[in-house]
Structures are given as C-alpha cells and as structure tokens.
Amino acid sequence: MKYSFKNDYSELCHPDILEALLKASNEQNNGYGLDKHSEDAKKLIREKLECDDCDIHFVTGGTQANASVISHILRPYEAVLACSSGHINVHETGAIEATGHKVYTAPGIDGKLIPDDIEAALKYHQDEHMVKIGMVYISQSTEIGTVYSEAELKSLYDYCKENRLYLYIDGARLSSGLAASDVEFNHLKDLCDVMYIGGTKIGMLSGEAIVIFNEQVKPYFRYHIKNKGAMLAKGYVLGIQFEAAFKNNLYFEMGMHENELARYLSNELKSIGVPLLNESPTNQIFPIFSKEQVEQLQKLYAFEIWAPVEDKIAIRFVTSWATSKEVCVELIEDIKTIIS
Amino acid sequence: MKYSFKNDYSELCHPDILEALLKASNEQNNGYGLDKHSEDAKKLIREKLECDDCDIHFVTGGTQANASVISHILRPYEAVLACSSGHINVHETGAIEATGHKVYTAPGIDGKLIPDDIEAALKYHQDEHMVKIGMVYISQSTEIGTVYSEAELKSLYDYCKENRLYLYIDGARLSSGLAASDVEFNHLKDLCDVMYIGGTKIGMLSGEAIVIFNEQVKPYFRYHIKNKGAMLAKGYVLGIQFEAAFKNNLYFEMGMHENELARYLSNELKSIGVPLLNESPTNQIFPIFSKEQVEQLQKLYAFEIWAPVEDKIAIRFVTSWATSKEVCVELIEDIKTIIS
Amino acid sequence: MKYSFKNDYSELCHPDILEALLKASNEQNNGYGLDKHSEDAKKLIREKLECDDCDIHFVTGGTQANASVISHILRPYEAVLACSSGHINVHETGAIEATGHKVYTAPGIDGKLIPDDIEAALKYHQDEHMVKIGMVYISQSTEIGTVYSEAELKSLYDYCKENRLYLYIDGARLSSGLAASDVEFNHLKDLCDVMYIGGTKIGMLSGEAIVIFNEQVKPYFRYHIKNKGAMLAKGYVLGIQFEAAFKNNLYFEMGMHENELARYLSNELKSIGVPLLNESPTNQIFPIFSKEQVEQLQKLYAFEIWAPVEDKIAIRFVTSWATSKEVCVELIEDIKTIIS
Amino acid sequence: MKYSFKNDYSELCHPDILEALLKASNEQNNGYGLDKHSEDAKKLIREKLECDDCDIHFVTGGTQANASVISHILRPYEAVLACSSGHINVHETGAIEATGHKVYTAPGIDGKLIPDDIEAALKYHQDEHMVKIGMVYISQSTEIGTVYSEAELKSLYDYCKENRLYLYIDGARLSSGLAASDVEFNHLKDLCDVMYIGGTKIGMLSGEAIVIFNEQVKPYFRYHIKNKGAMLAKGYVLGIQFEAAFKNNLYFEMGMHENELARYLSNELKSIGVPLLNESPTNQIFPIFSKEQVEQLQKLYAFEIWAPVEDKIAIRFVTSWATSKEVCVELIEDIKTIIS
C-alpha cells in the first residue's frame, strides 16, 4: 500500500503538537481542565475569536461534543433538527437518542440546511403530540465536503433567533471548512450559539474545543460534561494541544494545506477526464471510477467506497494535514496509468 | 510550591509511553481501534492475563468505562450494587443514572463489599416494585486505598455466580492495587466477569482497557461504546500506549513504585508520631494533622483535604509513577520541622 | 354541534364495559394486576388467540404500551424500524427516543412496510458506526386506515425471523383492523413476537393488553412496566374491562360496527361525487372538500383537518363503537345540501 | 377471608365517582384533557386551593406523576433529594433513574426530612464531580403514615427557596395526610412548588392531579407528560372523577373517614395491650404481634407483613374510603380472641 486517503485521522498529530506535549512532560498540572495550559489555550482561542466572554470546554471526541452540547441545551421533549446526511443522524450509533432526544431530519441541499427547511419543520410540529424542535445542528464543512457561506450562516442564525431556536455548528473539520468558505473565524460569535472547534480530524492527538457564545447555555456545563463521561482527568493534555495550535496560525494552516491538496487533486482529475460526484471545496473529494479502475486503485491506495453512481462507483479521497504534494502527484500519475 | 501530592494524574505520562507515541508519529493507522498497535496491545495483555479469548476495548476515561460497561450489562429495570464510597456513587455526577440505572449502595467495610452486603441487597429487593440487582461493582484499589485479597475476590465472585449477578472490577488504579495485594494479574480472569485496566492514573496520557471475560457480555460492545460516545477515532493513540505499557512489565512496575514511596511515607510518618486515618497499602495515604500544621504544609505542598477527624484534619497524599524518593524524603523533613 | 367525528375516543365506554365495572364496585381486589378479573381476562384472550402460553399485561395507554415494549426488547444501541407515518415516529412526542432509542423510518406504501423496506434498512446499517436495527414496528390498522393482509403479515414476519428482528404490532385499533382484513385473531400468534390489543380507541374507558408470544421477550416484563411508570395500582380496573370485552365477541363486534358505518359513509360519499384521499377499509375515512364546504361542515360537525389536496382539503371522519347509523345518514344529508 | 386491610386501593371507587362516570356515558368529549369536565375539575380544585393561576394536569398513576414532575424540573446532572424510605427511592423500580436522575437520600426522622438533611446534602455536593441537588421530594402522608405539620412544611420550603431548590410534595395520600395534620389545603400554594393530589389511593378509579404553583415549572408540561407516556387519550375520564371529588368535600371526607377508622383501631389495639410500631395519625397503622398471632389473623384478614421487631412481627393495616366501622369492630373482636 502506497498511501491511505481513507480519512484525516490516520496520522498521530502535527509535529508542533507533539513537541508541545514533549515540552510539558516534566510538569505537574491540575486535573480536569483547571490547569494553566487549558487557561492559556482558551485565552488564545478567545483572542482569535475576538470574543472575551465565551466559555470554552475541551473534550476528546466529536460524538462526545455533540451529545454533550445537544443534551445540555434541549429539554426532554425537544428534538434537534439536522440534515438527513448529518453526522448525528447517521454515524453516531444513536448517541443523541441515547440522551433521550429525537433527531428530526430535513433533506437539505448539498448537505446543507436552509431557513425553509427549518420553517417546514416548525410548521409540521404544532402541538404537544409531536416533539418540539429546540435547536438546529449543522456542520462546517458538511458530511459531503460542502461549506456554508457567511451569508448562509447569517440567514440561518437570524431565522433561528427569530424562532427561539439554538443554532449549533459541529466543527469537526472547521479548519478546512473555514479555509474553503468566506466565513471569518472572528465572525462565528455572531453566527451561532455554540460550536466546537475540531482537533482530532485536523492534526491533534485528540480533542475538540466546545465554544459557548450564548449566555443561557453557559451555566453548569462542566457538571453536564462530567455527567456525560466527557470530562478528562488529564484535561491539560487537551489544553497543551490547543495552546500549540492557536498560539500562531497552525490550526488554520492545517486546513488550508488540506484544501490545497484536495483542490490540486480535483483539478488534475477533471483535467484527465475523471468526473467528480459533487463540487467539494474542502478536503474530501469524490471521484467516480469504473469497478475495474477502483479495484486497481485499491491495490495501491486505501480510500472509502462512497456510493454507486449508475454502473460506476464514487470513492472518497481525504487529504490531511500530513498529506504531501508528492503523494498526490504520484496518485494522479497512477490514476492516469489506470484509466489509460 | 515544591510538589503536588494531590493525585496521580498530574504528570503527562511515563517517558516510555511518550517515546512509543513519538516513534509512531510518521505512521498511518486505521481508525476506531482497528489498527495494528491496538491489536498488538490486546495480544500482550491477553498473554499477561493468560487468557486467549477475552475481548479488550480501549476507551479514554474511567467514567466512560464504567458507564459503558454498566449500561451494556444491565436491563432498564436493573441496578448496580456498589459500596457507598464507590466512585460511581459519589464522583461521577450521576453518569450511571444518566444511562437509566440506579446505583444501590451498601455501607461495606474499609471501602470494600463482602458477600453479606450482596445477600442483604438481594433479600431487600424481592419483587417488581423494586429494582432488580443485576451486577456488583467494586474497585481495586478502592476509593480509600484499601485492596481486596484474592480470597476476598473469589468469595465475592462465587457468590455472584451462584446468584446470577455480574461482577465488575473498576481498575482505575489496578497496577497499584495488584502490587499491594496477593491478587495475581493472570488470576483475574477467574475473579470477575469484566474489569478495566486503568491507564490515566498509572502513567499513560489517557486510556483504559476494558477486558470482558464473560461470553455473554461480549456481543456488540463496539456498538455500545460508540453509542456512549466512548469510541475514539484515533484509537491507535490508546493502542500505542498500552502496547508500550505491556510489552515489558512497565504497567506493573509503575504501581509498585507508587506503593513503595507511599509505604515509605507511611512508615516515616508513623515513626515521627503522625497518625494515619487508615492502613492503606496502596498509593493513597491519609495522615492526620492539626489545622495549623495543615496550613503550614499547604505553603509547601499541594494535597487534598480529606475529612475532619475530631479537632484535626485528615489529608491525602497520593504518590504517582513520577514521584521521586527525593521529594518524599524532603516532605518528611518538612513535616518534621512543622510538627516539632 | 350535531356530532363529533374527530376520533374514536370521544365516548366514555361501551355500556357492557360500564356495567361490568358497576358489578365489581363492591369487591375487594388485589393490586397491580394480580387479581381474579385480570386472570380471567387473560384466560379469555388466550382462548380466543388459541395460545395457552402467551404472556399478557394490561397498561393504560398506547404510548405507554409502545415505549414499554420497545425499550424492553431493544439494547441501547438498537433502533426500531417504522413507517415514516408510524405513530411512534410522529405522534408520541419523542417517547421512544426518551427511552434511548432511535426510530429509523422507511417511507412504506399506503402507511405499510414491506420486506424490501426492512432489507434496505439492514443494508444501510452495516457496522458499529450506525445504529443496529433490532425490531420492526407496524400497526394494524395503520395511521391512515389501511390494513395488512394475512399474507403481508406473514411475509414481514418471515423476513424478520430470518434476519433476527423482532416484529411488534401496535393494535391501537386492532378490532377495526381485523374486521377489515383477512387476518384471523387466532393466527396472530404466528404473525408477530409481541402485539397490543387496543382498548382505549375501541370502547373501553382505558386499557391496552400487551400480548407477548416470543419466549425471549417474556422475562421480567412486569419489572419493566413498573420501571416505565406503566403498572397500575388498580390493575383490576383494566382486567374487568377486558373480561367484559372478551367473554363474548364484544371486542370484535365494536370494530365491525365502526367499519360498517365508515363503509356506509365512503359508499354514500362516492355515490354523491365526493372524492376520498385513499381507500381505507377501516373506521377512518378521508373525504376531500373545498375550503368553503369544509367551513360549512364545521358548523355542524367536528372532525380533523387532515391535509391540503391541491386547492382542496382532505378531512378525516372517524366512526366509533358509539356512532349510530342515524347520525351517519344525517351527515350524508347535510353534505348533500352543502355540495349542491 | 373476611376482609383485606392490605391497602387503600382494593376497592373500585366511591359511589359518587362511579355515578359521575355513569352520568357522562352518553356524552362526547374532547380528548387529551381538553374537555369541559377537566376544565371544571381544575376550576373546582383552584377554588379550594384559593389559587387562580396554578396549572393542573391529570395523569393516571403516582409513579407517572413523580417521574414526570421530577424529570421536568431537573437538568441532566441534577439529583432529587428524598428520605431513604421515600416511595421514589424504594418502590418505583428505578423509574426516576430511568429518566436519568439520581435519587440522593437522607435518613430523615419518622419518614420525614428536615432542613438539616437538606443542608447536609448541599454541603456534601460541592462541585461538578458530584451531582447537583436540584429539588427535594417529600410525601404527605409519608410512607410510614406520619405527617408534616404546617410549620414543618414552611420551614422546609423556606430553606428550599433560600437555596434555590424546588420542593415537590407527593400527595398519593394527601386527603388522609391533610386530615391528620394542621396543614390547610388552601395554604399548600405557599408551601411547595409542585404537588400532586392523589386519587387512586383515595377513592377514585385512577387519577392524580399534578398542581404546579411555580411559574418556572409551568411551560411545556403537556409536552413533557406526553413524552413520558402519561397523557391519557380519554383524559375526561380523569376530569369527571376529580370534578365529582371536588364539587363538594368528598375528596377531604374520604381521608377523614380513613383516619377515623385507623384511629379507632389504634386506640382499641392499645387498650387491649397490642403495641404499635409508631404513632401514625393517618390511615396506615403498624401493630406488633407474635408469629403465631399473625398466622391466626392471616386466616381471617389480608394485610401486609411490615418488619420483624425482635422476635415479633409488625404488620400493616390500611383503612380505605370503603372500610366500614363494622368490619373494624369485628377485627378488634377477632384480635381479642386471638391474643387472649
């Protein structure tokens, strides 16, 4: 196997992250996130967000972040609205429902929700015989690699505020999502109530930073993540990593790097006549090959089979912070050979 | 502050663990624990357990391990029996109840349960108007630093098997617990249905290894930990650490080291006339000082205030894999000065 | 208001039921369903089912029955498959999710599932990153008044057994559903694992009889309904009612009566040119009127607005055990006047 | 068997209740509690409470009422404090924990909590590693037949308000509890945040009236009871009963009757030298007999075995709205014969 394009969490972590951990290896730190690194990391994130008063909590995985935030916000009879392709609906083995809440879905367009989806959901749920829609879940980038523009986010959030719904952004791939869109990091405080800044899929060992902008969501969240098994004894392990990622622009650069290589792959593939399932500006691209071509590619590279497309197959290539230009060039050369 | 004896998770991780992570920093690995390091770590643990067919799953924290195991085993109307000082009863912010199950408690003796406690609980719960006791939770070492002997574990497990109850051992501090008792690691397969081998409190960055001996508990556990938000995308980060800890005797040596220093402290304290709250053979000891002495100590060292004892105060010193003999000697010298 | 066709639970209960309650008013009975009336009612139901060894439990409402059965059968990571119009998906305010389980939906045809729907769901859910489909929920009659034939039920149940899925029938309107289909009551034991015989919507004060055919579902169900708040102290109130409904053919006759009047209405409506939304053979029919006609009808009768149909409106008429032929004749006369 | 003193729900319901149901048997009523009888019943209860603006909801059982109220009030990481003998702790098969919440217990005195119990619980729970006490659960009368005085309730509620805890009164036997204490029904609005007025154990077929005084608890409670499976389709069945019980003083008279007969039994038993386990002023009394005497009594009467008392046995006699003076006189005569 030459290389795996299966996902963006195949490699341990960025060297700067590892170095920061090494540097802290002789320290003693307080437990449960009450340490100086976590404090410093929060300060750095707040500065980049230009938001002094948001609350930040570090947890170790996306499902934990999602289940913790959603079950903290909703009352028992409330549901979260998501796009039917949304991660919480499809790929979390019922973790949201395990906290007692329905995930109500709208089809969306290109993996994204629009205000009309929310309006339809609200109209459909009119009385106490149905769940009450209490919040809206979206992700940036989405499950299929698309991104919301700042205008789209603003219109969603405006709609949510008018209708007393919380808006939550799953930022598992936020770095890549921001790099591919016109959304500014320091505008996010005005574009949602809560979000998480994903680390696991961006170049950290593990770790996601939940950022709470809305005052009403802040109280007792530390109780809630402990209750959900998401509070880490060695919380400083997460703090150290986010400190390293945000003390300069590392967090954002990793996403840019991913997107750049994915764009290189897209452009080359199109130029040699390989069709793509959709136009994804982020680090996931979905080229379409014949069954035989896929089998030949599988001898050289690892990747996910995505979906059948008529008699062909869409596969998924994911670039990561660690993917090199060289391996991408080699991939294109190998594909040229295969399709010729 | 000279040194913190607050707990055994103040330091990042043992150098061998960190080195193993470093060594893997240029690899690509499969996600979700389906990687070669995790496989290798499981093999090593199985060898040391002398048990070919146990199932092993790595998760990132003790509360996650406890909530995942307990909610996997119990039916909705069933409760887990624990000692009233048990971690799941006191220090997990209702994480077990959050999965729907009552924690029913018995007072126990020295932080430990005996078969009579279980018998009393079974007698008390006789029909469908009360919860059904479905399993028993203990920890080795216990919350107050005591340990079960092998004979005690055997008698508990025999009682459980006769009464169709599952026995689960929380091994957050298993390394220290084993080093202080006559329980052999390779006998544990015959002493419980499920246990977890704690990493976070023993010298790893994070990580606990859930070991399932009982066939009936094995099916679909991967679904269950995903449902509980406990499946890590970068599962190999845990695999690499357990591989390093079990490829030689590191895991066991760390506990021995902790206990040795704690024993040194106990003996010295007794020899200079400082009383101890109880006889703890593990890495937590509870000396009793006057209020003034505690205040002076607090200027030099960090530690937990444990409990008032008449007009004095019991405090807790915890030794870790990283604690040095030197710092312990210095502590005793400082205490001598303070109490003289 | 002349009459309400809003639903089939607007009237207290059938006179025979009330008389049975009256007759028992001077008795003392054991609590929690352990009384002679409940025993007798179970015996009568078992006789009519020709099934000696099914377990029967009485509860007070359909949502309680559904939530109790589903959460008893499923493990935490499992989901129930339902038609997207299914009652548990739409009209129980997230009661199933409140027990921790996802309701996964298939579109179905005419409110009914077919084996292909289940097959598609199983294919879609292949590993531990998605919920495991553990059971299938259907209702007889369905939410839109249609019914499964015996052949359809058999093919669904065969498919479920081959694929280790439990099949559960919500019989809120079972009496009407059986009367409109070729399904024999005494064949149901071979057509599902669990079902409930609905009383509330058929002419009882309240009460549903959960019938468990599958041995594996039987153990500890009394614990489970108590845990779900569904065990009634005065369980004999339910037993007395089911005794009265099953000591002769009352339960079945009430459904026949409902269907007969609904058929009368359908036929008359069609003969005077009023279109129907679908062909419902049971006690719910869905005629389509103009907005103005609906408004005039609303001055005389109560009914539900169902759905817009182009520029017209489908409404719902429900007949009950208490609906008389006279009131139906009058309704048709009034409609004739309105549409002329 | 001459008579059962096992409990106060052995008899169907008071004749006035049954007559009210009979009278309504030809009506059509709206479903889900939105009917004129429910409205009227609420009006009558509000008048007797001298409280215009409380919200009232009817459900069918005590466990449903308790689970619905507690899970509506608490956030996921919060616990309810109860006396260890409290019904929710002992006799609801984990129904509260099934909604995700810990029942934290205090020993109490005579089955009752005092402010010191709450203070101790609050002191013990100081940070996010432990549950947060969010509300206090008591019952009037208690599980062992004792009652709170108005001063005791006031001091509890004052303490709760000062400490931002909700106080909830389980009134399964409120009628008997009020009749035995100095607590006025129309003072209850100032003595708790929420309570329920029990019907099942007082002479109704079924039904409990949840009364919400605190504004913060009111919103969306109908959604919540539907989510918990506690909303009855034929809600008017409950409304009719409460209407009958509160249009005059029937509800209160039934409790007085019960207490009067229990007092008669207590006094007679004491006068013939039969000791009582405690001084219960309500409808449950606990005489102590030898094993042989209990066996002889069991041939004539049904009752619960309560607890061993040295070499003797405490049993429980419960009087109900339906118990007659004659049967009590006969019981005393039979006891005289047995003990002589």
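A few remarks follow.
Order of writing sets the labels: A, B, C and D. Residues in every chain begin at 1.
Basically, a contact is a pair of C-beta atoms (placed from the backbone, for glycine too) under 8 Å apart; a residue touches a chain by one contact, two chains touch by 3 or more.
Just so it is clear, the model here is predicted, and its values are computed rather than measured.
In this structure, the chain pairs C-D and B-C differ in their number of contacting C-beta pairs, and the larger number is found at C-D. Among the remaining chains, the Cα-based centre furthest from that of chain D is the centre of A.
The distance from the centre of chain B to the centre of chain D, each centre being the mean of the chain's C-alpha atoms, comes to 43 Å. One inter-chain figure worth recording: chain C and chain D are separated by 33 Å, centre to centre, where each centre is the mean of the chain's CA atoms.
Chain B and chain C have CA centres that are 51 Å apart.
The set of chain B residues that touch two or more partner chains comprises 76-77, 92-94, 98-100, 128-129, 131, 223, 226-228, 231. Contact residues on chain C toward chain A in their complex (touch as defined above): 76-79, 90-94, 97-103, 128-131. On the side of chain C, the complex with chain D involves touching residues 3-4, 6-7, 9-13, 15, 18, 21-22, 24-31, 60-64, 67-68, 92-95, 98-99, 200-201, 205-206, 223, 226-234, 236-237. Residue ranges on chain B touching chain C, taken from their complex, read 32, 71-72, 75-77, 99-100, 128-129, 131-132, 220, 222-224, 226-228, 231.
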